[in-house]
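Think of it as A, B, C and D in the order they're written, each chain with its own count starting at 1.
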Amino acid sequence: MKKSTTGFGLTLLALLTIPNMANSQENNDLPPEATEFYEPVPKKIQAGPQLGDAPSDAIVLFDGTNLDAWQNAEDGSKANWNVSDGIFTVNPGAGPLETKQEFGDVQLHIEWRAPQEIKGEGQGRGNSGVFLMNNYEVQILDSYESKTYTNGQAGSIYKQSPPLVNATKSPEEWNVYDIIFRAPRFNKDGMLIKPATVTVLHNGVLVQDHFEIKGPTVYTGIPNYTAHADKLPIQLQDHGNPVSFRNIWVRDLD
Amino acid sequence: MKKSTTGFGLTLLALLTIPNMANSQENNDLPPEATEFYEPVPKKIQAGPQLGDAPSDAIVLFDGTNLDAWQNAEDGSKANWNVSDGIFTVNPGAGPLETKQEFGDVQLHIEWRAPQEIKGEGQGRGNSGVFLMNNYEVQILDSYESKTYTNGQAGSIYKQSPPLVNATKSPEEWNVYDIIFRAPRFNKDGMLIKPATVTVLHNGVLVQDHFEIKGPTVYTGIPNYTAHADKLPIQLQDHGNPVSFRNIWVRDLD
Amino acid sequence: MKKSTTGFGLTLLALLTIPNMANSQENNDLPPEATEFYEPVPKKIQAGPQLGDAPSDAIVLFDGTNLDAWQNAEDGSKANWNVSDGIFTVNPGAGPLETKQEFGDVQLHIEWRAPQEIKGEGQGRGNSGVFLMNNYEVQILDSYESKTYTNGQAGSIYKQSPPLVNATKSPEEWNVYDIIFRAPRFNKDGMLIKPATVTVLHNGVLVQDHFEIKGPTVYTGIPNYTAHADKLPIQLQDHGNPVSFRNIWVRDLD
Amino acid sequence: MKKSTTGFGLTLLALLTIPNMANSQENNDLPPEATEFYEPVPKKIQAGPQLGDAPSDAIVLFDGTNLDAWQNAEDGSKANWNVSDGIFTVNPGAGPLETKQEFGDVQLHIEWRAPQEIKGEGQGRGNSGVFLMNNYEVQILDSYESKTYTNGQAGSIYKQSPPLVNATKSPEEWNVYDIIFRAPRFNKDGMLIKPATVTVLHNGVLVQDHFEIKGPTVYTGIPNYTAHADKLPIQLQDHGNPVSFRNIWVRDLD
């Protein structure tokens, strides 16, 4: 809190920045309780032991053992990507995975690693992606030493917004995305009244800052919003490259 | 990226969510290059080895050894808080510290720990604060097992916005704030045209989500913006409690 | 639309501002249809004959004849303000009015005139107010030649945000407010996840620009959001001054 | 203002919506002056006599007599569109016009009328456009009884966002756009840190609500921001159709 007795630091600064010096005497006579509120009480949760660990109010989507939270996104069949050694890896050709549970506004933590054998260039090297609400993609790509279009590299909102910086790690290391996503809203006529927004930290570095998503991710053409359900699955892409994942958890913000 | 050959997953979903099925044939005939851009290239940086470590483009404000980046905020004299064992601790009565360098839009990482001897209640237990631009406070407080007003607990924008959840750790553990801050803007008449915004992750958990700050933090009365400089120091509060700090770094977002 | 054949105006400017000159050849070969969408079709409405007249999709809250759309806000009894000559006027002491219908997101048009007998000073001269969702006040006041605090003058969000300019007309003339309001949103824990926003044109002049409302309007103390219903009435204040109203209509934006 | 003596209207509602009933006694004991501010004083201006007329702080871009505020946008030569009877009309083939003065954040009022001889269909009927900062187009089109793609009709942000409703008047009548535009911002690396935003009232009806513009308007391909000057001209398009204009004024919001 701001301490009333010690003032505001440098006096000169105070003169510059405190708005109402003329009024300040009467304000200082006020009971500070006037601006203190007691309800609702923020729910107490337990943060994870280390930065990146799931907090107590998270839904764990992968804890290192199984893919029970996921299914094949094309036909709803059992998720058959490869789980071993506490991680799971895209099974090329098996198709994308999606969560069985559906989500709207979320905070999502996901860790990924490019394939250990470096192969291909640009979009062909270590390509996957995480789709919020099955529609809005944060790109996953081995952008460590491979060039591609800026709005298609790791940390981009695919084909919409390049990352502010390239914070991608080498294929020997794990990357972390911390994503804050707010779902779009539509009015009763089906017109968009609030685009989805997304903030992304890539390995702890801000790469997307409350970006207003332009519409569902499309490979060709321009994104265009149309009304959809309030909650939809989170999807991981099978782009034919054996990208690996670990430590995935999500918090429902809605 | 979105793979054109595998489509979009579940067909039923696609029908629901893909806007222009009627147009989709012609869109699929388009060269995807139409929506790929190559400039400007996001700067390549090196993320820290572990989550929370400073990336290569950060300005390190405390690396465990000295307070050279800081000065007394009241008179500009040498910072005389206590440095030992790689951390530094509020020197009660010595007055607040501020960075010698000034900042506007930033990403700030800061770690803090409540005093080891638990004393006091509410605002009297482990109270300090980090002021962006010397004016906008993210509250630091031992809110682990002590109650206070919701807009004054750890993770609050002091007297303006309670945290979404209480993610405070026990005094034996370190807390981490990752803060994304955008400075306010004023027009030529001195009227506010864009409030400051702030997003805060507390121990990796979202507690402030792009909150529009109501004005400079005040202990009594109501916050009220007035025009100020584009860049100002970051300040740490001496509230009389021996709160400790470590691993502080900042990235200039502007 | 942008005409492909005439280019973008000044060539020098084009070089400065067109992003992908290197790509532009291929882009110009693209079918423009790729970025053209046909659904959903915006509903066709009929705008009013003159600027300020109700469009066909508006709900008319006062058409000059009666107060059937309103009731006493304190006890739900019949609205007993004074209707004559196509306008209605605060009946001092009768209490505030509120719409029988409830609203969330709206565009609101309202015209008001200060009392014809100029009496009082500051907040005592021609004081009323329009409350969105019964909670968020756009101030009505005779601020033509009378001074008061800036966040309490006409066009302010009362005690929260002064108008960008003072566009108030003299008491002989009518004032017009065109208001765009978006309701706040709360999550399942009752925490605010989206403040209300408001844009106000006063006599056609921008005075509030997508301002994020700080909480319900309060006369003393600080505004503080708490969860409330999605739709609530619009309220007009009886502040003891015979302020007059005419031509009130609202469009449901949700 | 909110009157402390009459309370907040319906008691039941008050219980529902007033946050801190427990605290309210102490708050009511507070001096209300605590939340009243006197500086900076919003500049006093004179609104126009009728809604749509230029206020005293506007720069008039066309007052019915001449095109002195404009020049040919392709080569900077004299504006040679046709002025008569207090209006001016596109001179097909003469090229676009742009303001001699450059602008960033603005409120823009512009009135336009479709050609009197109804000819063509869709994008071929009454097509022109107003470009903010020479880059961001609010579409002008005779959309009264002619169909086209939704993101290309009157009131759209061309190829980016359809209007919320179609409020276009018949070619015998004049249309009015009231536009609130905020320029984009770029950081020192040339990365976008704040997209342009736009709100549009079409004949007094909200058709764009604080839309975040996706990038410069393009006919083919996808919009893509690149850094540009802080101020640039406003441009009117020559699309080969004799669209007419009158009563154009702009207010500098920066």
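One rule holds for everything that comes next: a contact is a pair of C-beta atoms (placed from the backbone, for glycine too) under 8 Å apart; a residue touches a chain by one contact, two chains touch by 3 or more.
It should be emphasised that the depicted structure is a prediction, and the values quoted were computed from it without experimental measurement.
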Touching subunit C and also subunit D, the following chains: A, B
Classification of the subunit A:subunit C interface as same or different, half of numbers criterion: same
Centre distance in Å when subunit A and subunit B are each reduced to the mean of their C-alpha atoms: 17
Centroid spacing, where centroids are CA-atom means, of subunit B and subunit D in whole angstrom: 34
Subunit B-subunit C separation of Cα centroids, rounded to whole Å: 33
In subunit B, residues with contacts to at least two other chains: 19-20, 23, 27, 30-31, 34-40, 42-43, 151, 159, 162, 164, 182, 187, 189, 191, 193, 209, 220-222, 224, 226, 253
Residues of subunit B defined as touching subunit A within the complex: 1-4, 6, 8-11, 13, 16-20, 23, 27-32, 34-48, 50-53, 55, 57, 73-76, 95-96, 98, 107, 109, 123, 127, 129, 134-135, 137, 139, 141, 149-153, 155, 158-159, 162-167, 169, 176, 178, 180, 182, 197, 199, 201-207, 209-210, 215-222, 224-226, 228-229, 232, 235, 237-240, 251, 253
Residues of subunit C defined as touching subunit A within the complex: 34-35, 37, 39-40, 42-43, 105, 182, 187-191, 193, 220-222, 224, 226-227, 253-254
Parts of subunit C lying in touch with subunit B, wherever the complex brings them together: 19-20, 22-23, 26-27, 30-31, 33-34, 36-39, 151, 159, 161-162, 164, 187, 189, 191-193, 195, 209, 212, 214, 222, 224
